[in-house]
Amino acid sequence: MFKWLHPLAKPEILYHFCGRLLPWLMGSAVLTLLFGNIWGLAFSPPDYQQFDTVRIIYIHVPSALLSMATYTIMAIAAFTALVWQIKVVQWAVLAIAPIGAVFTAIALLTGMAWGKPMWGTWWEWDARLTSELILLFLYLGVIALAGAFSDRQTGTKVACLLALVGFVNVPIIHFSVEWWNTLHQGASITKFDKPSVHPSMLWPLLISLLGFYLLMLALFCVRLRTAILQNEQHRPWVKSALGGQ
Amino acid sequence: MTEFFSAQGLSCIRQDRVLFEQLDLTLNSGELLQIQGKNGAGKSSLLRLLAGLSTPDDGTIYFQGQLIAECLEQYAASLCYIGHQSGIHEQLTAMENIAFWRAAYQLPYVDSMTLLGELGLAGLEDLPCHMLSAGQQRRVSLARLWLTNCPLWILDEPFTALDQSAIQRLQYRFRQHLAQGGAMIVTTHQPLSDGFSCLKTLELSYRW
Amino acid sequence: MYFDSFSDFLAMGGYGFFIWLAYGLTYLLLIGLVAYCFWEVKAFRQHIQQKLARAQRIKQYQEADQP
Amino acid sequence: MVSVFIRRELALLARQKADWLNPLLFFIIVLTLFPLGVGPEPNQLRIMAPGIVWIAALLSVLLASERLFRDDYRNGVIEQLVANRQALMPFVLAKIVTNWLSTGLPLVVISPVVAMLLGVEPAAFVAMMLTLLIGTPLLSILSVLGAAITMAADKGGILLALLILPLYIPLLIFASAAIEAAGMGLPYNGQLAILVAMLLLAFALVPLAIASALRINVS
Amino acid sequence: MVSVFIRRELALLARQKADWLNPLLFFIIVLTLFPLGVGPEPNQLRIMAPGIVWIAALLSVLLASERLFRDDYRNGVIEQLVANRQALMPFVLAKIVTNWLSTGLPLVVISPVVAMLLGVEPAAFVAMMLTLLIGTPLLSILSVLGAAITMAADKGGILLALLILPLYIPLLIFASAAIEAAGMGLPYNGQLAILVAMLLLAFALVPLAIASALRINVS
Amino acid sequence: MTEFFSAQGLSCIRQDRVLFEQLDLTLNSGELLQIQGKNGAGKSSLLRLLAGLSTPDDGTIYFQGQLIAECLEQYAASLCYIGHQSGIHEQLTAMENIAFWRAAYQLPYVDSMTLLGELGLAGLEDLPCHMLSAGQQRRVSLARLWLTNCPLWILDEPFTALDQSAIQRLQYRFRQHLAQGGAMIVTTHQPLSDGFSCLKTLELSYRW
C-alpha cells in the first residue's frame, strides 16, 4: 500500500521532492493565513459573551490545535524511525520539533492574552494550561536532547525516543478539560458532529487553521531539506545540489 | 559452504569523516583475524560495527550466512565482545564481577576462586577492583574468556596493561579457542607470537 | 467590514491591547521562525565552505609534512 | 538472572552507601531546612507539609537517578551488555527494582516520622502515605528512563531534570489533589486509581523504552 | 597562571553547560514546584518566598559542588597537579572563582525575577538580594572545601552534605534573620556585617585547607 | 659526586601486604631506569613514591643529594610525572589540555598546532578528547613531554594504546631527553628498543 512512499525514503529524492513542493506550500500558507486572520479580525462579528476578545480565537485555537497535531506527527515519525530505522524519518523528527515548539509558545501566549480579560489572570495552575506548558517543555527537551550528544546520530535517535514517550501528554492536554473541572472551556469545534460555533466565526477559524497547517508543512519542508543536507554532507550529490542552485 | 562470518561493503563515518569505505572481510571457524592500523584508523569503530553495537553507514554483515540484523538474538548469544573499557565495576570485587558476567552470559557454574588463582589473582579475589593494579583489573575483565563458550570473540586490544606471562597465557587460551572451532577478531599494537596457523590480517589505513 | 471606523478597529471594543498583543506576539514568533529556518540554510552553506577550507589546510599541512 | 543482577546492585549499594543514604539525607535536610528558612509557625507548616514532602521526594529521586548508569557506562559494562542483548532487559528490571528499594522505599519508610514532626493531620497523612507508596515506584521508573536517555549525553544533569520533570508533574498534580481532597474529608479513590493506572502503564511500557535508550546510547 | 586556569574552567563550563545550568534550573524548578505542590495562594507564597529562595540556593550550590573535582580526579589531573605542587594553589583559587561564577552568580541574577513571580515585598527583596550577594561566595568556598575533602571517598555525596550543611546553617540563620528584620522594617546591618566577616575569614583560610585536602586525597 | 637521584631502603605496604622492602636505587643524569615486574608487583606504587605522591613506609629518597621531603618545591619543579591515567580532561580539546599543562608547568609558549600535527593529530586539535581514539588520547597526554624541560621524568607505562610509529617517536624523544642530560624512570611491559646506551633495569618480584 505504501509502495509509492519508498523512493521518498531516499534522502536525495526526498530533498528534491520537498524542494518542488516548497514554493506552493509557502505561497498558499501565507495567503490563507492572512485571509483567515483578516476576516476574523475585521469582518467577523464579536461574541455576545466575550465581545471582541473572541477575535483571539483565530490564532489561539489554530496554534493550540497545531501544537498538538505537530506533536502527534512528530511522535508517529519517531515511532516509524525507531521501529524501521529509516534515517530520513529520524531527521524529520528533529526538523519538525522547533516548529511545534513555536506553535506551543504561541498558544500559551495568546491564551494568556485572552485569559487576562476573560478570567482576570494571566496564568493559573490549571490542568490544561499546565499540560500545555509541559508540552512546551517536552518540545524543548527533544531539541535540547538532540543537541546534547557529541554524536549526531545518537542524539537524533534518543530524541526520537523521548518524542515517543512524551506523547502521553497529548491526550492529557485534550481531555484535561473533561477530567478536571477547569477554567478553560471544553471542546466546541472539535466536536465534529455538531459544531457549537456560529458559521460566521467558524469559517474564518477553519481558514486560519488551514493557514497554520500549511505554514507548518512549508517550514517542515525547509527544515527537512536542511537536515538532509547536514546529514548527507559527505555524499557527492550534496555538492551538486548546493552548486546547482 | 557458507562462511562463518563475513562482511561486505562496510563503511563508517564519524563526525563527517570517512574512516573506511567498501571494506570486505570473511572469517571461517578456526581462524583469527587481526586488524591492524595506526591510532585513529578506525579499528575500534570497526569492531563495534561487527559486534552489532552500532550500525554501519553502509554495508552488510553476515553470521553463518544470515544477515545479523535478522538474527540479532542468536548472533548476540554466540558473541563475546570485550572493548577498550574493561567492563568491570570498580567497586565490586573480582568474584562479584565474574558472577555478574556469568549470569549475563548464562554460563555454567565455575569455581571462580580457582579460575582467579590460575590468572594470578590468588588472594585478591575479594578486594574491590579499584584496589587492583592496572594489569590485574585487566585480568579480571579477561577472565570471562575462560568461562565462555561463544564461538566468536571480538577483542579490542586485549593485551594492554598485561605482563608478558599473562600475554602468553592469553594467547594459549586463544589457541585453545581456535582449536575448538572458534573464530576471533582482535586488534592489537603488540605483535602476536608465532604459532597461530590460521592468522589473517587486515590493515586499515589512517585516512584524514 | 464589521467595524465603523479605523479607530474602532484599533480599539476592539476596549480590548485592543490584549488582541493586538496576542496578534503581535504571534506574528513576531512566526516571522522569527521563518527567518530562522532560512537562516539555517545559509549557515549550512557557510559551514560547508569552512569545511572545505579546513580540509584544504590539512592537506597542505600533510603534504608539507611528508618529505 | 534478574535476581543475580539485583544482588549485584544491592552489593553495590551496600558498598556505596552514598547512593541510597544521600537521597534520604537530602530528603530529611530539605524538610528540616523549612522550619529554619520559612519560620516555624505550626499552622503554616501543617498546611504546606504534604506538598513539601512530595516536592522533596520528587527532587531526591531525581537527583539520585543521575548517577544510576554513569559508572557502568564508563566501565564499558553497558556496552558489553548491549552486545550480549539477552541480559539487557533483566539488567534494566534490576536497576528499576533496586532504584526503588534504595530511594523510594526509604522515603516511604521515613515519611511518617516527618509527617508527625510537621504536624500533618491524620486524614491527609493517610493519603500522603498512600500516594507516596504508589507514586514512588512510578518516580523510580521514570527516573531510570531519564538516566538511560541521558547516559552518554555530555550534559547529563540538566537534561535529566528538563526531560523528566514534565513527566513527573502529572504525578505531583494527582498526588497533591488526592491529599487536598483527603484534607477536606472528600473521597480520593479517583485520584488513587489514576495513579495506579499510570503506574501499571509505565511498568508495562517504560522498561522497553529504557532498554532501547541504552542500546542507542552506546551505539 | 590563575587566569589560565580560570579560562580552562570557563571553557569546561561552556562545554558542559549542565554544570552551571543544572543548579540554575534546579533552583527554578524547586521554586516552580511550590505553587504546584503547596497550592497557589498568593499570601502564603509571599510569606514563604525569601526562605524558599534561600533554601533552594543552598541546595543547588550543594548539589553542584559534588562533581567539582570528580572528573579531574578520575583522569589523573589532580594527581599530576599535586606532583607538580606549584600549580595547586592557583588551581584551587580558579575552582573557587569559577564555582561562584557558575553557580552563585546565576542565582543572584535570576532571583529578582523569581522574587517578583512569588510576590516578595520590596524591603524584604532588597535584603534578600544583599544576603544572596554576600552569602553565595561563602557558599561556594565551603562547598569547594567539601568537594575537596570527599574527592576520593567512595561515598561522595552524603559525606559532602553531612560535612557542609552544619557550616551552611549559620549562614542560613543570619540570612533569614536579616530578611525577616527587613520585612518588619528594622535595620539589618548587624546581620550583614556578620555575613561579611564570615566571608572574609573563609576566604583567607579555607583555600589552604582545600589544597591540603587535595594533597591528602591523592596519596 | 652526589647522585642525581637515589633512594635507599624503600618499602611499601598496601593493604597489610608488603609490596617491596629495602629497595635501593640510584639514577644519574643521562640514565634511563626501567622498572620491570609482573602485574601487581608494585611498579606503579613505587613510581608514586618516587614522585612524592605518597610517602614510603620506610626509606628515604634523595634528589641531587637532598632529601626530597626538604626540597619539595624544587623537586616538584624538576619532575614530570605521567601516571596510568592520562591527565587529560575528556571534555576539553587537545589544544586546551595542552594549554592547561603549559600553564601548570609554566612552560614557554609553543605552537601547539604544529606540535599536535607532528604527533599525528592534525585536524583533530579542536575536538573534545573523548572523541579521539584510545591511542590519540594517549598522544595528547604525552604531548607534554615535547614541551617540558624538567630533568627528571617518571612515566608509568607510556606505551599503552600507542601504535608502533608513535612508540618509535616517543623513544626518539626519550633519547633526546637523555642526551640533554635528563634522567628518566619508566615502567613498561613492552620491551624498549635497543639503542639506549644507559639503560638500567630494576626487577620487582611479585610477592604475595
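Each chain carries a letter (A, B, C, D, E and F) given by its place in the written order, and its residues are counted from 1.
One rule holds for everything that comes next: contacts are C-beta pairs under 8 Å (C-beta built on N, C-alpha and C of every residue); 3 or more make two chains touch, one makes a residue touch a chain.
As the structure is a prediction and not an experimental result, all values here were calculated from the model.
Shared contact partners of chain B and chain C, listed by label, are A, F. Two copies of one chain, chain D and chain E, form a contact in which over half of the residue numbers belong to both partners. For the two copies, chain B and chain F, the CA superposition rotation is 180 degrees, given to the nearest 5. Just count the C-beta contacts per chain pair and the biggest one is D-E. Chain centres computed from CA atoms place F at the largest separation from chain A. In this assembly, the C-alpha centroid of chain A lies 17 Å from the C-alpha centroid of chain C. Taking each chain's centre as the mean of its C-alpha atoms, chain A lies 32 Å from chain D. Chain B and chain D have Cα centroids lying 37 Å from one another. Annotation: 25 Å between the Cα-based centres of chain D and chain E. Among all residues of chain E, those that touch two or more other chains are 15-16, 36, 154. Along chain C, residues 51, 58, 62 each make contact with two or more other chains. Of all residues in chain B, those touching 2 or more other chains are 16, 55, 84, 91, 208, listed in ascending order. On the side of chain F, the complex with chain A involves touching residues 128, 130-131. Across the interface of their complex, chain D is touched by residues 15-19, 21-22, 25-26, 29-30, 33-34, 36-39, 44, 47-48, 51-52, 54-55, 58-59, 63, 154-159, 161-162, 165, 169, 172-173, 176, 180 of chain E.
Note for the complex: chain B touches chain A at residues 13, 16-18, 55. Interface residues of chain E facing chain F in the complex, by the touch rule stated above, are 1, 4-5, 8, 11-12, 15-16, 71-72, 74-77, 79-87, 91, 218-219. Within the complex formed with chain D, the residues of chain B that make contact are 48, 51-55, 72-73, 76-77, 79, 81-92, 96, 99-100, 103-106, 128.
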